[in-house]
Every structure is written in structure tokens, then in C-alpha cells.
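A quick write-up on the structure given underneath.
Think of it as A, B, C, D, E and F in the order they're written, each chain with its own count starting at 1.
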Amino acid sequence: MVSDRYRKGLAEMRRHLGAEEADEYLAKIDAISSEFAKVNVEFPFGELYVRDTLDDKTRELCAVTALTVLGSALPELRVHVRAALNCGATRDEIVEVITQMIAYCGFPAATNALLTTKEVFDAIDAGKSTD
Amino acid sequence: MVSDRYRKGLAEMRRHLGAEEADEYLAKIDAISSEFAKVNVEFPFGELYVRDTLDDKTRELCAVTALTVLGSALPELRVHVRAALNCGATRDEIVEVITQMIAYCGFPAATNALLTTKEVFDAIDAGKSTD
Amino acid sequence: MVSDRYRKGLAEMRRHLGAEEADEYLAKIDAISSEFAKVNVEFPFGELYVRDTLDDKTRELCAVTALTVLGSALPELRVHVRAALNCGATRDEIVEVITQMIAYCGFPAATNALLTTKEVFDAIDAGKSTD
Amino acid sequence: MVSDRYRKGLAEMRRHLGAEEADEYLAKIDAISSEFAKVNVEFPFGELYVRDTLDDKTRELCAVTALTVLGSALPELRVHVRAALNCGATRDEIVEVITQMIAYCGFPAATNALLTTKEVFDAIDAGKSTD
Amino acid sequence: MVSDRYRKGLAEMRRHLGAEEADEYLAKIDAISSEFAKVNVEFPFGELYVRDTLDDKTRELCAVTALTVLGSALPELRVHVRAALNCGATRDEIVEVITQMIAYCGFPAATNALLTTKEVFDAIDAGKSTD
Amino acid sequence: MVSDRYRKGLAEMRRHLGAEEADEYLAKIDAISSEFAKVNVEFPFGELYVRDTLDDKTRELCAVTALTVLGSALPELRVHVRAALNCGATRDEIVEVITQMIAYCGFPAATNALLTTKEVFDAIDAGKSTD
């Protein structure tokens, strides 16, 4: 029943987000829509992220960029700040990307992203797997 | 009269955009506001881009990401597609970043960014320095 | 003192949101600005929603669509998820509209809308008139 | 080589947009990225639009809604105004949805959507398959 | 048939935009939807702008601000740059508001607003009533 | 070590936000990035706000406008509602600007801004320096 794309997507998603975090994330979505949870695995992770053209770290820095600019995507930013760290980005690089974004989306969106990132760093330092 | 930050910023800007393109860009802005042109050099380029934490290519892929997600920033996207190429990104990498953005901003914004990028590639192939 | 448009708008608003919910919503706005509360009744409900060209259910599915795409309108989404149910939309239809929006606004905005909708469904199941 | 999902998605896309218009649209995207063109068929049309929960006309009115609210998606709005007509929406219904959106995204985005829609209607009246 | 609110709104709109410009603007919208044209007069101008709490010049500088930040509202920005001048704002003040917006919406949206404003100033200097 | 621009920017920022509030705001940002905190002082306040072309009250009403339209900038809106009051705007003027924005960004963003502003007014009435 589970497609090959789903299997590959789930492995990719777990590698980026952490296995436990990915499963929790999907369970939360699956509780209202199994279709939404399925395409969340199959499309971004099973179709786009598995491609070789960009390395994982660059993809995650671009995800942090996008989620900063969107402004209203702070819950997803939390997930991808952790994913960026998992994929080899340093804290300084994540903060630098958000700081660069001041020039593209202004201070308010960049500030909210920065302070949310601080909360993620603090949760990691406190040993929490989610924040 | 010209600050050190301006001088460093202008060098950085020219390195990213190309000297001719940077000067043309600034002249267009300076024709209505010299203050705006000045801070455009000093702040993103003289203050943010000169920092070492991220390499130029990563910065420009993040710029392409941001300008894709914003949706209404296609003129600036043109400039930064060229800048990304100048800083060592391949055409495939630029297209890949835009394709990844489907997951973050949806098809309409990503499609407009992709078709604009095609026009930039075509202009480069036709030997034009701007498009 | 109360215009005909206000009277018609308030009836329309109560029919969509529920009488109690509409009155609570307006009281919250009226506590800071009676003008804002007045135009909130008169313009969308008294002028636009009363028109016959679209049925109530379609209007509310379009409202859910808009509030999903906006990204930062989750409090209003809560109100219109309930309104969509009041106007005959099923839970599956509401979830389907939000799922379709992945293609238009990307996963982050659609995910936030989906999880907010889950909270509304849960509050309804728990017998709460607001959430 | 072509997946079942692609085949179903292409049929769905052609039914919504018109066969010729769908093929032209994809050719334009395929000229820069075959991956992007492929997922454009497979994901929104082969995965989301083929589901039964919503009828085609409602889906297209929601698409018009989303593309109005986004503000910077006028080229895609042109495509979906035609698709909405193809799926049984009347001109009055399309205009009504855009008018309702004034309340959700304000006059500027709604006005731009309305005037773009006028251009599509005029192109149809002049017998043009694209505009 | 024409409400008092419409009459007051049209007078307000003509005072802000110029009589000829207001009439042309409404005719363009009325050509597709008389309802949309009607509410465009009655709601922002007949209901909001007629209130005394803010003077016309401040209202128009806030309109320029909003249309800059929205990013995809350049046609409306043209109208309100002229309106701001009609209401007593200087060119320098309009440019200054757009420059301040760099901090709130980033360089891309502010740059597009600035260059559009330049086109309006140039059209005025060339003696054109629209641009 | 501290530039002249920083010194002037900090004085300007304290005058707008209140000395205590400005210092708290910066401390929160400085806890994750001293660079971000530095440019937050130097660029908007040390470079843009210090210019004479617009008076402080007009600048703050434009800030309120921008933060309303952005939709996802409610934490920054809180700061600038207080700043607008500090710079001589009345509560009525702030509410009026937000009400005018209904026409530019729709009811959802304007409503969220209005209710957030109510919380700031309530906090001030309760004698709290932050909210």
C-alpha cells in the first residue's frame, strides 16, 4: 500500500528532521488528514529533497530562508532550524541567513524568525527534542 | 564624503552583480533618491554581505530563495540570478532552489520565478548584460 | 440610528457564524472601535455576502481558502471553519480545500491552517461554542 | 517512463485548462525544467485535483480565490479564470468571488484580479485561446 | 438610486485622486463590475476617508506605505502617489516614506515602489494626467 | 568601538520606544545575535529615522500601517503602538490608521492589528511598561 516514493520520502524526512521528530510531526497531521500527511512525505521529501543537485545543508538553509521571509511560518521554522543543524549547518550560519534576510523581508519578519530560533537553541541546550 | 562602509559595500556589490550591472542598478535608483541608493550599497552589501560566515554562493542561493518566495520581486530576482551565476552557482542549482520552493510558497510564485529565470538565461545566451 | 444595511448584515453574519458567536465577535471589536465593528457588519455581510450570485457554502469555502493562503489569519480561520460547517460544508470538504491550497501557498501556510482546523473540530466535539 | 499519476494528472489538467492551453503551459515550463513540469502535472492535478471530495467548479472558484489573495499571481489567475469557465462557473460567479475577496485581502489585490479577469473575458470574446 | 454615501464618497475620491483620474479609474472597474465600482466609492472613500480623525495628507502617506509593503500593488501605488501630492505631500515626503519602508518590508518591495514613483513623477513632469 | 551612527540611533530608538523598552528589546535580540541588535539600532534608527523629512508622529503612524498590512508582525506592532503614543499620536489616530487599512489589506489583518492594539492600550491602563 505504501508507495516507493513514500518510503524514500520518509527516510529523507527522518534524516533531515530526526526520526522521532519526523514521526511526531506526521502523527499530528495524520490525526486530521491522512492524505495531507501522505503528500507531505511524498512530495517535498520523496520527490524534491531526494534529488542530488543540492546538498542537504544548502537545502535546509534555503528552507530557513523561505520560512523567515514567509513571516507566518514560525512553527515550521522551528522544525527546519533543527533540520539545518542535523544537516551540518552551524548555529552561526543559521543566524547569518536570518540576518541576511533583513534586506529581503525587513526587520519584523527577520526579528520574529531570530527570536524563534533562539527558543529552538535554548530547547536543544535544555535537552528537549521538541520546543 | 564616501564612507568606508560604502566603499566596501560597492566593491562587494560589484563582485556579486558585475561592475557594470551594479553601477547601472544604482544609477537608476540614484535618479530618484541618493539616500536610497546609498543605503542599498551600505546596508546589505557593506554591512551584511561582507561578513564571512556564509560564502557568496550560499548567500546568492538564499537571495534567489527569498525573491522567489516574496512573489512580487521578479525584477530583483533577475539581478540575483545573474549574481548567483557570478558567485559560482550553476543554472541547475538555481533551478533546483526554485523548484524546492514549490513546497514553501506554492506553484504560482515558484512558476513566475522559474519563467523569469528562463528569461535571464536566454538573455545571457543572447549576450545581453541586462534583460 | 442603525441602518438597514447594518440590520441585514447582522442577520447574515449571525446566520453564517451563529448568533452567539457573531455577537461575541462584534463585542470584542466594539470594545476598542465601534466604527470598525459597524463596518465589519455592514460591508462584508451587509453588502457582499447578502448578494445571491454565490450560495453560502461556496462563499464560506472561499473564505477558508483565503484565510489559509493569507497565512497570518488563523483567528479568523477558526471563525470561518465554524461558519463553513454552519453553511453546510462537511469536515471533509473543509480539509480538502485546505489540502488543495498546498499547491497555491505551499505546505507551511496549509499546515498551519490544517492544524488550526483540527483544534476547531476538537472544540466542537468537546461541546465548546468558541475555541 | 510516464507514471500513472502523470497520465491521470495530465488528463485532469487538460480537462480543467483545455487540452491546448495545458500543453502550451507545460511546454513553456518544460523549456527550462522538465522536473518542474512533471511535478506540476503529478502533484496538483494527479494527486490533489483528481480526488472526489470537491467538484471541479468549486475547486476552480477556490483557485481563483487563492490567486486573487496572493496578489502576485496574475499570470496563473488568467489560466484559472479560463479553467473556472471550463468547469462550469459563470462569469458572474468568478467576478463575485473576486468581489468577496475585497473583505479578505483589500481593494488593491482584488482590483488587480478583477482587471486581469476582464482581459481574459475580452480575449475569449475576441476568440483568442490565450491572452 | 445613488446613495448619500456614494455621493460623499465620490466627492472625497475626486478630491484625493483628481476628478478626471477618479472617473477614469471607476470607468475601468465599472466595465467589468458595477458592484465593485460602487463599493470602491462607498466603502473606502464614503465610509473611511470622510472621517475627520486623520487629515488627507496623513491618510495618503499611509496609503503609500501600505501599497509599498504589499509589494504587488504597484498600479494602485501610482494612483496614490498622485493622490498624496494632491493632498499636500511633497515628493521628498513620499520618497522618505518609501525609504523608511526598507526597514519594514525589505529592499525589493521598497525598490519597486521607488522606481514606480519615479515613473509617476516623470509622467507629471511630462504633463500626463495618467501614467 | 560604538559608532557615531549607533549612538545617534540608540538615542532615536529610546526616544521613540521609551528608554527602558528600547533597552529590553535590544537585550532580547542581543542574547542571540549582537550583529542583528547592532544593525537594528544603526540602520532603521541611526540612518532612516534620524532624517528630518518626516516628523516622528508621521513615521510612527506609517510604522503602524506597515505592521498592520504585514499581518504577521504583531509583536512589532505592540512596540510601535507604544512608540506612536510616545511620539504624539492619539489612541484615536492609531485606531483610525488601522481602520483605514481594511481597504488595503482586508479585515483579517486589520482585525488582528486592532485587537493587538487593544491589548497594548489595556496594558498601559494597567500601568505595565510591556505587554
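Here is the rule we go by: contacts are C-beta pairs under 8 Å (C-beta built on N, C-alpha and C of every residue); 3 or more make two chains touch, one makes a residue touch a chain.
Quick caveat, the model's predicted, so the values are computed rather than measured.
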Query raised in the report: What chains touch chain A and also chain C?
Result: B, D, E, F
Requested in this report: Would you mind naming the chains that touch chain D and likewise touch chain F?
Outcome: A, B, C, E
Query raised in the report: What rotation angle, rounded to the nearest 5 degrees, superposes the C-alpha atoms of chain B onto those of its identical copy chain E?
Result: 120
Requested in this report: Could you tell me which chain lies farthest from chain D when each chain's centre is the average position of its Cα atoms?
Outcome: F
Query raised in the report: Which listed pair, A-C, A-B or D-F, shares over half of the residue-numbered contact pairs seen at C-F?
Result: A-C
Report summary line: Contact-pair count is greater, between D-E and E-F, for E-F
Report summary line: For the pair chain A and chain F, the C-alpha centroid-to-centroid distance in angstrom is 30
Report summary line: Cα centroid separation, chain A vs chain E, in Å, comes to 40
Query - Residue list for chain A, restricted to those that touch at least two other chains - result: 35, 39, 43-44, 48, 51, 67, 70-73, 99, 101-108
Query raised in the report: Taking touching chains as linked, do they make an open path (line), a single closed cycle (ring), a hub with spokes (star), an all-linked set (complete), or other?
Result: complete
**Report entry** For the chain A and chain F complex, residues of the former touching the latter
**Finding:** 70-72, 95, 98-99, 102, 106-112, 114-115, 117-118, 121
Query raised in the report: Okay, in this complex, where on chain F does chain A touch?
Result: 28-29, 31-33, 35-36, 39-40, 43-44, 67, 70-73, 75-76
Query raised in the report: For the complex, which residues does chain E have touching chain F?
Result: 43-44, 48-49, 51, 53-54, 58-59, 61-63, 65-70, 73, 92-93, 96-97, 99-105
Query raised in the report: Where on chain A is chain D touching in the complex?
Result: 35, 39, 42-43, 47-48, 51
Requested in this report: Write out the stretch or stretches of chain A touching chain E in their complex.
Outcome: 101-108
